Amino acid sequence: MAINKVVASFDEAVKDIFDGATILIGGFGTPGGSPSYLIEALSRQGAKDLTIVGNTVGIGKELMQVVASFMSVPEWWYDGGQLAANRQVRKGIAAFPVSASPLLVSPFEKQLRAGEVEIEIVPQGTLAERIRAAKAGIGAFYCPIGPGTMVEKGKETKVIDGKKHVLEYAIKADFGLIRAYKADRLGNLIYRGTSRTFNATMAGAAKVTIVEVDEVVDAGELDPERIATPALYIDRIVVRPDEGRAQIKQKISKEEQLQT
Amino acid sequence: MAEKERLSRETMAFRVAKEFQDGMVVNLGIGIPTLCVNYPSPDKEILYHTENGALNFGPIATPEDGDLDLVNAGGQLVTTKPGMSLFSHDESFAMIRGGHIDLCVLGAMQVSEKGDLANWLLPERGIGSIGGGMDLAIGAKRLIVVMEHTTKDGQPKILRKCNYELTAPECVDMIVTDLAVIDVAKEGLVLKELAPGWTAAEVQGLTEPRLIVSSDVKEVEIM
Amino acid sequence: MAEKERLSRETMAFRVAKEFQDGMVVNLGIGIPTLCVNYPSPDKEILYHTENGALNFGPIATPEDGDLDLVNAGGQLVTTKPGMSLFSHDESFAMIRGGHIDLCVLGAMQVSEKGDLANWLLPERGIGSIGGGMDLAIGAKRLIVVMEHTTKDGQPKILRKCNYELTAPECVDMIVTDLAVIDVAKEGLVLKELAPGWTAAEVQGLTEPRLIVSSDVKEVEIM
Amino acid sequence: MAINKVVASFDEAVKDIFDGATILIGGFGTPGGSPSYLIEALSRQGAKDLTIVGNTVGIGKELMQVVASFMSVPEWWYDGGQLAANRQVRKGIAAFPVSASPLLVSPFEKQLRAGEVEIEIVPQGTLAERIRAAKAGIGAFYCPIGPGTMVEKGKETKVIDGKKHVLEYAIKADFGLIRAYKADRLGNLIYRGTSRTFNATMAGAAKVTIVEVDEVVDAGELDPERIATPALYIDRIVVRPDEGRAQIKQKISKEEQLQT
């Protein structure tokens, strides 16, 4: 039997996500790297009390209309804010939980002010490293970021080479929702531009990693030297509908230097 | 007495960019720091790093040729450049934390006389976004803060001790404001340059800790 | 009494390969384990991992088409395969340590009744090479040891307690020798299969700890 | 001034390596990934009391003649064994310090038996991770490999999620000698096949990283998505002489699938 990790629909890909699960959500907080269709499917699926882990916790569709004034906001863009708006989130673990402007208040921030959700704020690099630690089987690590700030609070510390370090633990998650450019049926992935970001970091870091791609190509079509995520990190692959792809394909033809 | 003129955001960025040396790897924070990209002298080759996973990317893209898959840390669409590389988030912060960034420029809410930086949490909001600021403040070999010298209410932002939550202690090497250029040295804050028309005493009046006036204090060069 | 026939290295590899399931990621140690690559049934797609940085590489290369830049962990030249990927050493061991390898097959000097493994240090030499064995023994989801049942002097290699330095404690799931197939279970070592012509009592006589004879003990299939 | 990290000769590239320095040496123990010309130059340069860090400590030219019976051994292959044979090594840190067969005794093993050098044996993955930790600014990490073995001896331990972990520290080195396939003048690198191995791991992990490549290409010729080592990790680049390249180029034409 040939291995084939492609599943038929976004709904099928997320159907076993359970109440109380911890979910890694890829991307940076911009549309490019966001696993939009997976997030949308999870909001339809309705699992509750989720802990979501990512650079942001998302701003949601309503705020996206506001940021559209200074940032490109395609229709297909969904982020974790959709889950918060849908009241599926119990806790966020993020570096950017709120927008820079106090005037832009996301559903998550509203719920936070009302004491309905929890937040754990983690420096961005420490967040990436804690996720990688889970992928790489590292239990915890001494990190030089955080001493002398609130990040240090309640944590073990150790002075190494004269510099104080804080002990940070791996973030172990149940599911990872990520976004890539192309996959083969085995699960090898390549990304596009800065959309690699947290997606490549999260690939393989949760018990089950589900990836949303533009295209599935034949095994052997991806340059083995360029594969950023080897097949063994990936459990399920779903292909985005054409509208998303079309928009990006148009960009590609304009931008020859960013090789595809 | 009419309010004296302060340096524009562009002049502050111009002044900061003078610190960029040929061959440096530079990370620019959101806001005024981003403007610095326009001013290094053309004989210098600077490699810009953005924490969302690119090194040596090109200038901001025009709306027509932008690509959603190529953005900087501020979410702005940028362009490609020969010799660019792309990488994951863990790799990007390995670069930062591991001391591979020569210079970082960040904005700030407060800076202390010891170089403590506070730039992420407004107490009245109760929540803020750390982002990659902590990592950059500790990890970059040199940290320049660029900010207005005072708050909107005219209160000093350079303080004996920060009262906002810290981004990192003792990390700032240099402060460029709309009034002055100040080195954070072992002996204290050294006033190196003044905005045209301003005196050391006037700047001291808007600064909480004592400034050591450099023997060769001069005027900030205007673009 | 003439010495009874023991299983060949090929038959041992053939038996081990029956444990490979469709879609599994498998890492093969140096020696007999390497031979396993020849025997999984053709309806199964196995992704072979080598710790020096490749996944889903092809068979051993002939001397003519070998490439010095494509070797397995034993230094043998191998070939490419569609769907192969290449990566650094830290990434390769992130895969191993992080539990992304489904099955690993290693050789051994000694195995204890608790599944402790010793496979790297001969006491008389005083120094050995750990290599990636410790990482694989702990990191792989399932570990099969394949080895001769006894030393060259006829001494048991399956012991109550290893007296050589350990590779890892309680890591072995199954032992395939030239005499038997043994499961390392909670209740102890379970004898599942015997080499043709051998009795459980004979194998017990060459094994230090007590073997629990499975109620459905059968003969090892010969190729 | 355009950045240009290319130096003219191997001798120039290694001239400031000082007595007592700690040196990372890339590769796996096979010719493909070995920074052969850099090692040879360092043996000419003569720095003493070196600590060498790598998967092996090398077997040296003499033993290479023996292993030539079962392994391809090109003339240009040098490994850390050259430094040991030259009595430049004080200590090795390696996963594979000796060959599998007790009959193949390297210069390093001879000196070890005579009590003239020290060895620190490190599990291969822990070695890779300790080197990466130095690159990534991580002071130390809790590793699940080693408990219940001699690797645990004298180290701090901690039970995380019911599993014992051993505290392992970053290996901080002065120089790294690595091997890559192509570079541009900025220091961006790509590798070839399994020769990526410890080379990519070590790139940027020492204070100064020196790379030996087959070819320097124009900036922009390397696919930005395929660059395995971004420019900021590299300090000096040296180009191998033609004989080494010729041999590999011949292989490439035979092996179309391994894309170049």
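To keep things simple, chains are lettered A, B, C and D as they appear, and every chain counts its residues starting from 1.
By our rule, a contact is a pair of C-beta atoms (placed from the backbone, for glycine too) under 8 Å apart; a residue touches a chain by one contact, two chains touch by 3 or more.
Keep in mind that what you see is a predicted model, and the values were worked out from it rather than measured.
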- If you take the chains that touch chain A and keep only those that also touch chain B, what is left? D
- Message: From the C-alpha centres, identify the chain that is farthest from chain A.
- Response: C
- Message: Please tell me the distance, in whole Å, between the geometric centres of chain C and chain D computed from their C-alpha atoms.
- Response: 28
- Roughly how many whole angstrom separate the Cα centroids of chain A and chain C? 37
- Item | chain B and chain C, separation of their C-alpha mean positions in angstrom | 57
- Where chain B touches two or more other chains at once, by residue number: 80-82, 86-87, 93-94, 96-97, 139
- What are the residue numbers in chain D that touch two or more other chains? 129, 132, 136-138, 143-144, 191-193, 220, 224-225, 228, 257-258
- Which word fits how the chains touch one another: line, ring, star, complete or other? other
- Item | Each pair of chains that touches, named by its two labels | A-B, A-C, A-D, B-D, C-D
- Note on the structure: In their shared complex, chain A is touched by residues of chain B numbered 30, 50-54, 64-72, 75, 77, 79-82, 86-90, 92-94, 96-97, 116, 122, 125-135, 138-139, 165-170
- Taking the complex as given, what residues does chain D use to touch chain B? 1-3, 132, 134-138, 184-186, 188, 204, 218-220, 222, 224-225, 227, 230-233
- In their shared complex, chain A is touched by residues of chain D numbered 129, 133, 136-144, 158, 160-161, 163, 165, 169, 172, 190-193, 220, 223-226, 228, 257-259
- Interface residues, chain B side, partner chain D - complex: 22-23, 25, 43-45, 47, 49, 55-56, 80-87, 91, 93-101, 139
- Note on the structure: The answer for chain A against chain B in the complex is residues 28-33, 55, 71-72, 74, 95-100, 102, 109, 112-113, 119, 121-126, 128-129, 131-132, 143-151, 181, 191-201, 228, 247-248, 251-252, 254-255, 257-258
